Amino acid sequence: MLKQYRTRLNEKHPLIHCITNYVTVNDVANILLASGASPVMADEPKEVAEITAASAGLTLNLGTLNQTSLTAMLVAGKKANQLGHPIVFDPVALGASTLRTQATKQILQQLQLTVIRGNSSEIRALISGAGQVKGVDAVPADQITPQNQFQFVTAAKRFCRQHQVILVITGETDLIVSANRVATINNGTAMMANITGAGCMLTALLTAYMAVAQDNGFMAAVAAVCHMGLAGQKAEQKRLHYSAGNASFRNYLIDAIGQLNGANLDQEAIYEIDEN
Amino acid sequence: MLKQYRTRLNEKHPLIHCITNYVTVNDVANILLASGASPVMADEPKEVAEITAASAGLTLNLGTLNQTSLTAMLVAGKKANQLGHPIVFDPVALGASTLRTQATKQILQQLQLTVIRGNSSEIRALISGAGQVKGVDAVPADQITPQNQFQFVTAAKRFCRQHQVILVITGETDLIVSANRVATINNGTAMMANITGAGCMLTALLTAYMAVAQDNGFMAAVAAVCHMGLAGQKAEQKRLHYSAGNASFRNYLIDAIGQLNGANLDQEAIYEIDEN
Amino acid sequence: MLKQYRTRLNEKHPLIHCITNYVTVNDVANILLASGASPVMADEPKEVAEITAASAGLTLNLGTLNQTSLTAMLVAGKKANQLGHPIVFDPVALGASTLRTQATKQILQQLQLTVIRGNSSEIRALISGAGQVKGVDAVPADQITPQNQFQFVTAAKRFCRQHQVILVITGETDLIVSANRVATINNGTAMMANITGAGCMLTALLTAYMAVAQDNGFMAAVAAVCHMGLAGQKAEQKRLHYSAGNASFRNYLIDAIGQLNGANLDQEAIYEIDEN
């Protein structure tokens, strides 16, 4: 099931245009290369339409947002929509500033997004304005628990219907929500939270998978999240073996993205899908 | 003595707002995470006051200064002062351009800084305008020696009194100077000079320590500098063990920041403090 | 032959001013440090002339070009020309946007460049406007083959004569072309294409070598390209030994730049030079 998407990445090498933050951009580029995709980073409003036109997918990441990069995101996004390219949006630290709230509003109003990925605080802020964002990490109060999951998923599905988008909510358990489906994914490692950029990297990887999703964006998103989670587990084993820390883990994680093939995904991914 | 600061970092996870350069920003984020702190990078003037308000400390780093980021530094700095958050300032390559000299003047005039960290050239330029800055590294003529140390420290103490600030001067021996105390620290490794960002990383780490310093900023600064120096030694041992080079050393250094606990600091730190 | 340039890097520690992209800038800084050179990154138009004046060479890289950084490149370039400092230009993704074509035109018209480095697509776009650039990587149709090499080299030599510049074209085989010489270099590894920044790093390394080239820029360029290629081979051996991936390879590559000395270059470099 998941194998085909992974395999297609290595065959098609989709070019992914990233308008992303300068903190984790190098890791984002290297994880795309590891996956079989090819990265191009460009954020000058004057050229982004041309760069997007030559690409197969667009990543928009609010990490180190500024007014110029917001303009670039809107210009590139409109071109991507016009050409039918997938757009994956990462509302980093949404709720932490008025600028991020307003930027997200503009992006949602002017662009048709394919996937939005965030942690539970960011996605709560997105759906309801109720997230208590503290910097770039989810706060405990926003975590999804067995108690609040039904309510959260119901609101998420409504958002997906309104915006014709897939939501990817990452955390201890990852959720992928569409208008009528929910995938619950249990790969990954707590170590992900001890490096910068795990979220940004997954957002870019999701874009690559969307570029080869053909008619099934939801399953391509499942494949991307499982790919990332399994790579995290593999990297964590290596980190423990070498008694290493978070910087080494980051390298092992990117390495593992390249080393996991489609068969690994099908055999090792732990996920469930609820229809309707 | 030093243990409490290290321990508190892991308990409180202070959020550190960094307005820093795009060269070493990823390492800065990962070293903060390794230490137990949490990073948030944002430099758009429109949002930095909100980001700072939600944080526990502010890093200002001149590395790849531009006019917009200078504005952001002043806006964020005023908010931090208003809220009583510590500010750690890194005058990278001070003396290398008129812009950096003027920016530093504005920062000193408009903001109450908590700590300033630089190499001996940068701190000489700061105190007296006499540093011969060549790029981002200290020049031999500016190094602190047994012959010139008394004079240098006297001038540094005067600066600390005038500006109510702590100076951290890094080099073969690290000095921490306040109005009436001098700490001399002899951890570290020469390998630090062979990677980019050792200074920037320490500046961010100092901010994290200041955010949990409670009533003793001077000792928290000693703890931060010892933490970095001991991590450097540990990383250098690992580098030699694997016959590796500077890029691997950088990873081992960040790893080691996470692996050193408070007990290690108390047992292994080599420092002396002279009062008055 | 090549040894002297490598040795001189370690003796002179030339300061290299880089106006480069934010994707690979950290790797660029660390590879310069590994080589013995010293990096300084600054792109604010107000200060770049001063930074260049204090440096020994200038790297201009179009990676994440914007209008401000283009201004900075022209200002810094004019100062470098005035002082006789070498300039190495990397027209990243030339042909992918009108902005990049226009920027390259302005740079060629206003500055005397020393070396231009690119992949075969970028250099074809530079010489003839015929490159089919897809993102930042060369497309198969632009590759240099035994069949098209004569024609390509003839056009490249003409360009070198017109612009008094050396061209470095990297790929499976690397070519260095001047008005009357061609070096063919067969070091390196295919793994280079699986990380971001191999090109950017070589461009910066070429600048460092140009800064110590004395009267023979062509041979200094040969030395730089051989240094990079041999480091790639060494890194690839280590990667295979550890069953690692592209992120680890990147670290090993930078490590290896520091570990290769002049004698290694003379003994292990595989190249041929055709005069006339």
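First chain written, first letter: the chains are A, B and C, and each begins at residue 1.
Here, a residue touches a chain if its C-beta (ideal position, glycine included) is under 8 Å from a C-beta of that chain, and two chains touch if they have at least 3 such contacts.
These numbers were taken from a predicted model, which means no experiment stands behind them.
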{"item": "Equivalent interface positions on chain A and chain C, same or different at half", "value": "different"}
{"item": "When chain B is superposed on chain C by its C-alpha atoms, the rotation angle in degrees, nearest 5", "value": "120"}
{"item": "Inter-centroid spacing, chain C versus chain A (mean Cα positions, whole Å)", "value": "33"}
{"item": "Multi-partner residues of chain C (each touching 2 or more other chains)", "value": "22, 26-27, 250-251"}
{"item": "In the complex with chain A, residue positions of chain C that touch it", "value": "21-24, 26-27, 63-67, 93, 96-100, 133-137, 194-197, 243-248, 250-251"}
{"item": "Complex contact set, residues of chain B against chain A", "value": "15, 22, 25-27, 29-30, 33-34, 38-44, 46-47, 50-51, 54-55, 68, 250-259"}
